[in-house]
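As structure tokens, here come the structures.
In what follows, chain A forms one complex with chain B and a second complex with chain C.
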Partner chain A sequence: MGKSDPRLRLPWYAHVPVWLYAAALVAPLFFVVVSAGKNNLEIFTRPFYLPINDFQWSNFSEAWTRTQMGLALLNSVLVVTASLAVNLLLALPAAYSIARWRGRGGRISEAIFALGLLIPGFAALVPTVLMSIAVGMYQNRGFLVAVFAATSLPLAVILLAQFMRSVPDELEESAMLDGANRLRILWHVYLPVIVPGMATISILNFLGFWNEYLFSLVLLGGDPQLRTVQVALPTLASRTETHYGILMAGTLISIIPVLIVYVALQKQIEKALVDGAVKS
Partner chain B sequence: MTAAPAGLLVEEPVGTGPDAPPTPSARGWRRYKSSTFYAFMTPWILGFVGLTIFPLGFALWMSFTNYDGISRTSGVGFENYTRALADTDLHHALLVTLGLMAITVPLGIVLGLALALLLNLNLGFIRPAYRAVLYLPSILPVTTGALAFRMVFDQDVGPVNSILISLGLDAVPWFQGGSSFWMLLAFMFWGIGANMVISLASLQAVPRELLEAAVVDGAGAFQRLLRITLPMISPILLFQIVTGVISALQMFVPAMLMGNSNMSTLDPTGVPEGLQVYMLYVYMTYFSMGEFGYASAMLWLLFIVIVIFTALVFWLSKGRVFYASEA
Partner chain C sequence: MGVPALIAFFVFNVGPVVAVFVLALTSYRGFLSKAHFVGGGNFARVLADPLFTKALTISGIQVVVLLPSITVLSLMLGYYLTVVRRFRSLLRVIFFVPSLTSLVAKSMVYLALLAPNGIVNGVLTQLGLGSFAVAWFANESTAFPTLLVIAIYNTVAFQAVLFNARLSGISSDVFAAAELDGATHWSMLWRIVFPMTRGYFGVLAMLQYVSILFGSAAEILLLTRGGPNHSTTTLAYLLYAKAFDGQQIGYSQAVGVVLFLVGLAGMFVIRRAFPPSY
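Moving on to the complex of A and B:
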């Protein structure tokens, strides 16, 4: 930034409110982390104390076994991975059609996709549950995958279509003259160009699917064999035995995958969020 | 750009539109058969119809019946809708929800923009740290946030009450009665990082030359903000208002997680009144009471409210939002 930068330099005291705000944002996470190694008495009497010497490792093993966390993590990984894959597989051809089809159908389809972005997801919750029962797929992870993949399609298709429009027509035409069919063109000409778009969608979807609570809870009916991490975790909190150390240990375990992804991909996550907002 | 219409306004390259005269590059598309198009679109159309349109239509049908999954179903006309209009519990839930929207949407956007303006300055080495910290809560799962808030503000063992007591004050029952509304509000502001990141990206797209020219003309910082920056980013602000209104009106999972004493069941009973938002009431009518018809009617009433508010926002923003393509 040069000397002519019209943006201001900030006096130090202007940072104070931001520090306070940032501290307020971090405080709940701070208490999650330090409380994970304490018992209830210590959480209350010494909230800021860092339990270094008497760290309650048993909180973590308790949280792990009580929620059957291993199974829940496996379920989450399965559901999220399958949903990401199905979503991209369905979105690619649809986005290609919309980006390249000049007929009336392309416009109409894109309009419907755009409308799909406005429909609140929760509205479909109960009818979806009834439908899953009707087709005999209640408490079935495959059905949850289908719901995840389908409900996130509008954004995926619109974003991918925008990336695909950047491929010059001539490139595709010459490929066609060489005798390539549509699927081969999609695979060899488009795929390399739209990798950033696919990354953006996968990041947004990963956060959305991994963090999703409601549909996972209702469609899987809380079955301990099938439930995801987000559904398993709140079962630790029940009226009769509120042991916050264990609850916080479980919470910490459950966000480790998200934290790893955040630390590794923070820039890309921010870009994905902006792309999702601006391009749609 | 805004959520839905922008998708419809993507510019068509000149000469390739359906009505344009054929150009050399358009020849290839002639060989693109409709059947290919529909083959590529079918999986999505099936998914969209099956998992979005059909459930919504089914809810609409249910709203005109006494459907409960058990007894014989019969049509009841508009009975569910008239019942909703007279339901005082629903009025309370709608008031809580509208109050939440009226506070979180404007404050969230202003605060997010203020933070974005700050991050857009010459902050040097501390900027990445600010960004990371301010954005982090908004990507965490809702369960994490709700559980953390329940622990921090717990009446008996929470650190906040522990600090209050050590200062000689009384412990506050944060999650009881009306005061739980403030918990919900605080939770909404926890995830403000998304507003910040979107605003920041739009700020960085404001052309430097414009701002520099204004400096030369003697415009102060506040004038530059008011006359250049705000008009330039107004489409993004509009986008945030629209999505903020829609998500605030249908928000209920945080309320359900923070208010439900026994989180392991599907049945969130005993939620304090400050957390009884509209969609939570709908959810309870479905799952705790099994009144599918009535709950569906409430759902469609909320739809109407959402559409009205969205239309209102667009109507009010007419002529006040600047689109670069019009300039």
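Moving on to the complex of A and C:
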């Protein structure tokens, strides 16, 4: 893109706002890390000071016990893992039938899921709570799992169907002639092709489920035994006198799992986020 | 084989949306009580309520301010990422940060940064601008503008990455030809790149519109709870607050119906303005 032409340099007044914005995006991360080891007085009088020698590790233990973070992390891990699994179990066969069913039914199913991409999840909030009460599953993690797994189906089905279309019909037919049954075809012919698709879906779902707040809050009702990390964290800020060091320590604990996954899977995560948004 | 997925989809996605329209015609005294059919009564109450009018105005301002600024800034930043020669990967990594961290974590940081004696006010005071240091979320004249700035700050980065992914698909011949004609970056962006990605611009604008309209409740719940003096009560937050704080489910879902109609109307307008190009 014009790399050889020196006339088309970007002017300085294009670089300056971009880098200021980039700095403004990184600064809060820095602020969280340095503030997690300080008390209110230090945070407000010396905000950028990095407490190397007097880092208050007690902020972390305070945040941990006040929010019952161990339980919350366990709940989050349970809900996210189960939701990921249920979502894939439902989406894989649906995507397969859409990719292979050339008739009207396949097209209609795909259109239904595609339309589902346009339904804003927030619209379903109140009826979903009423449904959980009606079926006796209010404050039940299993119900939250069902909600997560089902509401993320449209994107999962559409993306997986796109991957499955790349398997040529002939490959499947020859496997069929060799006497392989449907399940074996799915396993041997499709699995290698759709692993990247499943990775993309799981990454998007992991970020979405781990970071979800509103449904987790209203469906689990803030019960400390059931609540997830995102619901537990803001309880540190709800007191009249917030201890910001403890709040930032809790915030850091809540984003560490995502940071670990991001460091391990950076390229895949970036691709998944772009694919997920572009295709929807 | 797709039947279980279709059932789950109808129960948890379609069903609740249909239920919004039914619940809007009923009166519930609370989540655990029985519903009574009241017809259009909720809508009469909603439309006569000054708080609803206020929320409608606030949501309207939100859309009018955020939609053009977010989409245009994202396109410009996405173009920058496409043509910049140095540090492109570093910038892309930085611009992914807001889409990884949770709304709750970000909100907790904003509470700390924008507290009355927080870092933002500290820096303002150091710069001799102490008179501008206010309680950002607790002040009626600053709470809503602060939320708007946060929304732009939070959204532009990832939208720019999306535009960048799209613009990378434009043939470099196009840029080369424009360069030979002596085009500047500014004219290249608005005379060549923007017309070529008009349809995609419309798609992102539509998704952005829906997310502005429906997506504000959680953030407002965490940062201002709709206050002070309802100055940050958007339609989405009104829906939430009426249902979960006020236990007025019929009223809340009548607001939901209004949100839906406003959403559909806006999507129609955006689609007409930026027809899909493929």
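Throughout what follows, the second predicted complex is superposed on the first by the 260 of 280 C-alpha atoms of A that agree within 3 Å, B and C clash if a C-alpha of one lies under 4 Å from a C-alpha of the other, contacts with A are read in each partner's own complex, and residues count from 1 in each chain.
Here is the rule we use: a contact is a pair of C-beta atoms (placed from the backbone, for glycine too) under 8 Å apart; a residue touches a chain by one contact, two chains touch by 3 or more.
Keep in mind that what you see is a predicted model, and the values were worked out from it rather than measured.
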Review point. Superposed on chain A, are chain B and chain C clashing or fitting side by side?
Key: clash
Review point. Which partner does A:Leu265 reach: the first (chain B), the second (chain C), both, or neither?
Key: neither
**Study point:** chain A residues touched by each partner, larger count belonging to chain B or chain C
**Key:** B
Review point. Who does A:Val77 touch here: chain B (first), chain C (second), both, or neither?
Key: neither
Practice item. Report for A:Glu173: first if it touches chain B alone, second if chain C alone, otherwise both or neither. Key: first
Check your understanding: With the two structures laid over each other on chain A, which partner does A:Val32 touch: chain B (first), chain C (second), both, or neither?
Key -> both
Review point. Is A:Tyr244 in contact with chain B, with chain C, with both, or with neither (first, second, both, neither)?
Key: both
Review point. So, does A:Trp210 touch the first partner chain B, the second partner chain C, both, or neither?
Key: both
Exercise for review: Would you find which stretch of chain B runs into chain C in the superposed arrangement, from 7-15, 25-33 or 277-285?
Suggested key: 277-285
Practice item. State which residues of chain A lie in both footprints, the one left by chain B and the one left by chain C. Key: 1, 5, 7-8, 10, 14-15, 18, 21-22, 25-26, 28-29, 31-32, 35, 43-45, 47, 90-91, 93-94, 96-97, 109, 112-113, 116, 118-120, 122-128, 130-131, 146-147, 149-151, 153-154, 157, 207, 210-211, 213-214, 218, 230, 233-234, 237, 242, 244, 247-248, 251, 254-255, 258, 262, 266, 269-270, 273-274, 277-278, 280
Check your understanding: What does chain A use to touch chain B in their complex?
Key -> 1, 4-10, 14-15, 18, 21-22, 25-29, 31-32, 35, 40-41, 43-45, 47-48, 90-91, 93-94, 96-97, 100-107, 109-120, 122-128, 130-131, 146-147, 149-151, 153-154, 157-158, 162, 165, 169-170, 172-173, 176, 182, 207, 210-211, 213-214, 217-218, 221-222, 230, 233-235, 237-239, 242, 244, 247-248, 251, 254-255, 258, 262, 266, 269-270, 273-274, 277-280
**Study point:** Sites on chain C touched by chain A in the complex
**Key:** 1-2, 4-6, 8-9, 11-17, 19-20, 23, 31-32, 77, 80, 82-85, 91-109, 111-113, 115, 117-119, 122-123, 153, 156-158, 161-162, 165-166, 172, 175-176, 179, 182, 185, 207, 210-211, 213-215, 217-218, 221-222, 236, 239-240, 243-244, 249, 252-253, 256, 259-260, 263, 267
Point to revise | chain C-touching residues of chain A, taken from the complex the two chains share | key: 1-3, 5, 7-8, 10-11, 14-15, 18, 21-22, 24-26, 28-29, 31-32, 35, 43-45, 47, 90-91, 93-98, 109, 112-113, 116, 118-120, 122-131, 133, 146-147, 149-151, 153-154, 157, 207, 210-211, 213-214, 218, 230, 233-234, 236-237, 242, 244, 247-248, 250-251, 254-255, 258-259, 262, 266, 269-270, 273-274, 277-278, 280
Study note, to complete from the structure: The answer for chain B against chain A in the complex is residues 1, 3-8, 10, 16-18, 25-29, 31-32, 34, 36-41, 43-44, 47-48, 50-52, 54-56, 58-59, 62, 69, 115, 118, 120-123, 126, 130-137, 139-152, 154, 156-159, 162-163, 190, 193-194, 197-198, 201-202, 208, 211-212, 214-215, 221, 224, 236, 239, 243, 246, 250, 252-253, 257, 261-266, 279, 283, 286-287, 292, 295-296, 299, 302-303, 306, 310
